[in-house]
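The first chain written gets the first letter, and so on, giving A, B, C, D, E, F, G and H; residue counts start at 1 in each chain.
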């Protein structure tokens, strides 16, 4: 046990007043560091990002960043803002080094903001990404027209609101892990995404696991871990 | 208004102590009368059925009838018991006189009891019925193999538990009304059928309406009304 | 199976960047095409509508369209805006060709927006529509005064918030299919329409099926399918 | 304040080991004392009842008493057992001394156990009771046939499961207070009486208040207080 | 049955375009007529009120009326606006003619808007009203200081948010019917009044019935029916 | 940090096959060790208890132990079984060494099993315990008769089902911490203790915190920590 | 009983029109008086605070006070405003006189507003406070780095949104009472703090009790009662 | 598209009366076939298993198989029954051919049945499995003692009931994908696993996705897909 605990205790972290900056995660993931933008001022975001850059971080992802704050951050830092997914990227996207392709599929056009959060996040973590949008189960031919992409993916992220049926249908077609993201798209008895969430958790198809409502970032993070299994194996030895 | 109210007031009903026997519904539907078997003793069921037969009713359907009670009823009356759907039929099934075919589709084998309740009920009300069981969305090829039956149906009853995705997929393929029945099949976050119910209510496909969890009878009653639209038109004049 | 799958695969769809335009549904319904207006900009709506018109679509319905956006769309296209139901219609209403009358009944005056969404949608899909508004069960005489319309309808759409009791009462009076629409009208323990939704799902009257809260469009779509059963029969052969 | 507090403090109560026997309530109600039978053994019930009789109590009501326990109590005490409402009565029913009639209406036959709990309780507290059973809103003519009883009641107790619509319909017809009792009769989306409870709380009719699911006793207690307003007025002076 | 149905059918109602004006309720209650102000424009309110006045109605109550709309109504009609309860009164308050006093008790000061809606409504329907505000159970001495008013009331309306415990405590002290009104006062696990609602429905004290969350009007309407039992008896003969 | 982590890492635990026996907790609490009896066989309980005794543990508490299993355990070990709280005690109760008295109050007699679980647990952890049972708020005089015990307690555990109002009332009277335990006593809208749980979380009285439904053990554990504050202070130095 | 009731009755309270000012609580707590700022105008707050100061109160805490109202109050009274916790303090903070340290730990930076409400409240009631912020379980090393503060606390307040796991982890490490405060921080399936609330109620660690969502004040009030056990003991004699 | 659809259509399935046997899944996974045992008789299980063996399937897993049915199946087939996880295995376990180790961690001993369902399923699908049981967060040292296994896993399955905090803690320590399984272990406010489910969905740690309550099989299926990414890559080409 001594070895493990020692390694655990040694990991660095710092305090810059606003929030503790955790360099620990960067050590393990080696690629990009993330700032959760919601609830932080532009000043706080800039301060944290600068600290990260001082520590040698090349790529920084800022999530849940609205357009106005992005404008303010861009005044101080070279920010690439993606309004669809409300994301900002500082630094270059890394070369894709995952095992295969992460495919992102949405049921409707209203699910695209969550999908873009997932797709850009996956790119920031070094994954090649394929987007298939507006392929809901009410028009099955749209989905089947993308059968080759579904069969060749390493991981699939399925993003759907309303009844969330797309996760089960894709789960039945694909032979790779499916990460399902329920969205709050819908009204009435969708209860803010609850209907889609429950549907996805009860999926009759194997190989489907679920993240929180609208959590495109979390799905991409999980997909990236899966898509880098081989890389991690190597690093470990 | 006078005419309508008079007609309404005139309709007959009787009291036989246990429960008021409503001959009113038979007048309007003209085919079969129904006894809801749950919570009634075999003696009560026999008494009510006899009263109905005295009033000239040819076909009587008893729903939610367990095997033991069925045995007891059969001692007094010529009962055709269908254990799969927990239904008893007294009298002959009428000749099918609906506009087309009522197709009953289930997602899994565990949904069959609800499906049989629906299928036999539809037959009792004078409908031709086509059964397609165990065609859930995780094995889409099973469903597509039945594409011709789906395209030629007048009404489709979709029966599914767990995530209830089948309703949306069939709703997207068919061009006739779909009546969706969520079932309590599942565990954990299916919450006794709630997940399937919410999914069906939020269906992204048009032409899907929903009845209560496990309510195979209600779905068939609605399907039969739809499948007899033309007949009713004639009766009315 | 070959035949069915081929037909299914052949159906056309196109991609115009914003959203895939599905001409598939039009082929099957033959009457009108629908644009879901919520979450789309006026520019997107105009682009999609123009594409539809190029494909020969005569009548286009835009749902969930607020007044401001309607104004902007009207600058480019001949839009007939119906503020009560937040609907826009491009092109002429088709001649009613359904089997009978679709009757729309509301419990209160606050349910009228949902009712108008249903009524105009039904008209756009080729149905004759009868409106009976503000006939809730607390004033039963109002409802009974419309007994003739209830008895002569082919399909009835019942729209009610609060306790949703109107669906059961109409279901008990009518002998045609009833499509029930719970509305979010109410406060406190109505929980955004949940009380009415549950009540309608538990209706003790036969022949009642339910759509999502406030989903006037969905109810009308289902009612139209029912009211065109005969027409469809013919088309099929 | 002195007077009120003194009176409040003086009220007697005793401890007989099993449970404190509250003679306080008897002082105020003057008629009958109640033992809640669920969770008590026959021996405990007998002990408490004997203590009450020693204190001069003439009529004792035991609620939620199953048949087996009733048998055991009857070995020691002169018990009049009513299996329909699972109630036992010790001593004579008092002469009705309320202002008018308490009318008990149920939607279906399955609601009768709750209705009998209410009806007998009301009788034990000195009320004349009128029973109207199986008059649900799906058969409105049954209800209207009892219009005279509805119009002449002093208080009405409406008992209904499933969608609970009867409370609103009766509330709209009657001009006296309506106490609504949701029952757990139903399945699926009735969620153990929740659907009926929410419906009754959202009643669009005035003059409807609600008690707990299956709480026939509570409804009768409230109805009896209302029906004795005048009597209480006199006692007070 | 003929008599009852005839009387029922004869009752007048009119249509003035905006909403059917129901003179029916006025016939039965004989005192005041009510306009539900939420969702109506000032113009609609004025039109309805004028129609009522033409029909001879002396007192009109407008509920859920915000200050701005009240201003606009006052331009056309002699409106007495009560901002605390968001109520408007047209015409004089009637002389109290109920059996006794309706006492309105609140747990906190935040419950006062609902309490004022109840209190003024009760006055409009001819009841003498006693107000006891801010007497929650965390300061029991405040409540006990009002013991005399509690003991001499004919009906008590208890209004409380948060945990709603006041209903049970008052129910245990009083010997008259208690109408409990849960309010949406609270945060977090009060879930918009759900906590208080459930608590009141589960009250361990007898004689407590419940209306919808924040429904001060409904509680007062029920209390007024109770407080006029004797009067109604007379009217009926 | 070194010191703390070392102490933390050093703490002993053992594996005896069935479940790891944690001697760690005993080190910190110094008094008694607990075995959660539910889901363990009598053999497993005996094995774990023997291991604890070998480690020098003097007093062992077994919770959620039904009578049958208790009988089997008593065959091997000197067990003092308390059927009311379904608890078994091995070894002597320690001398009370807490700062003051832990008072346990229940609303009704049905809450006693949870109360006894709490009371005996508190005794096992070295607290003097005062029991006040059946003192619900519907009979406030019962509660006020125990005012001296309430005012002199160091910690009070309030145990109530149904509407759970007792927690707020006691919280308003007492000046010490109150630990509230909702129980599953009740029916219908108590939803298995949810009503009481929500009520207690929303308590308007200060100094009330809440544990899980029916968790008498957890309340007593917390109360004991509070009642030993002084002792712990000393131990620490 | 006489003594207790007399003391209870004697406690003073006054009415100043807006709200009854309760001097009762001050008598018992002896330190500070609290005004709940939400829903009160600045004028009302000033009036109440002045009344309290006339009664001799040295320190007054105003909770849920937004910046704008604070500005207005400061015009009349010497207010120390703490924007992080939305609190205002009038008068000096008392010298800490509790037994030990109240430690406040948050999972994330978004939980800080609730934490500051708790921390300042604890200081106002005479407690020494230690703050450990942003120490969520996803970075366990951050928490373990504060092991000494955790082990030496008298009471710990754990504040966490999302999954609320921090309460269990701290509960497992500490040997003093833990008061857990779920926060509404999160989105989607956090359902406004419900996820954290349920997690904390189900904590597998002993010694954890829970207050309402976002109720930093309530947690601090409870913690202060616990931290003053000894002091209260003395006062009592 | 032609190629994809053809492959999809070609996949074989058969009908053996009881349930369609899907050989499709075996083609894709290449290892084992699964029979869901719940709701099937021993005869049905034997018939399906025999059909699979005729088709050349070497290893068959039967889930949710109780001891009695297992006994009956063993009469006809060489069944290796694992009572802890209620699983039966026919045929030999395959040689592990995954990328690394699948580690299964439970919070308590009551979670072991779900864990064994997961562990044996993973073995049947060709994975090396490491079990770490009873390592809940209340005893963090137990978890940290297994730090090496956590750091070297390819995929981790975390199984926890009650508050489900273990998923977040492991998610924060590990650098591989975590599949979280909430269990129905708990009582009261665990609401059958809902508390753990919500906690896991809201996990503050990255790389955690969730399956249905008690779904050990589904977690293992997903973990196996992840652990075979490399193998699948090869197969595909």
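By definition in this document, a residue touches a chain if its C-beta (ideal position, glycine included) is under 8 Å from a C-beta of that chain, and two chains touch if they have at least 3 such contacts.
Treat the numbers as computed from the prediction; the structure is a model and nothing was measured.
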Chain whose average C-alpha position is farthest from chain B's own: G
Same or different residue numbers at the chain A/chain G copy interface, by half rule: different
Chain whose Cα centroid lies at the greatest distance from that of chain E: H
Whole-Å separation of chain centres (CA-atom averages), chain C against chain D: 45
Length of the line joining the C-alpha centres of chain E and chain G, rounded to whole Å: 37
Multi-chain contact sites of chain F, meaning residues that touch two or more partners: 1, 5, 8-9, 139-140, 144, 173, 188-190, 194, 197, 201-202, 206, 212
Touching residues on chain G, where the partner in the complex is chain H: 107-108, 136-140, 162-165, 167-169, 171-173, 186, 188-191, 194-196, 198-206
Interface residues, chain D side, partner chain B - complex: 109-110, 134, 139-142, 144, 187-190
Touching residues on chain B, where the partner in the complex is chain C: 1, 3-5, 7-8, 25, 28-29, 99-100, 144-145, 147-148, 151-152, 154, 173, 175-177, 179, 197, 201-202, 206-212, 218-219, 221-222, 225-227, 229-230, 232-233, 236
List of chain C residues in touch with chain A within their complex: 8-9, 11, 13, 18-20, 22, 24, 39-40, 182, 184, 192-194, 197, 212-215
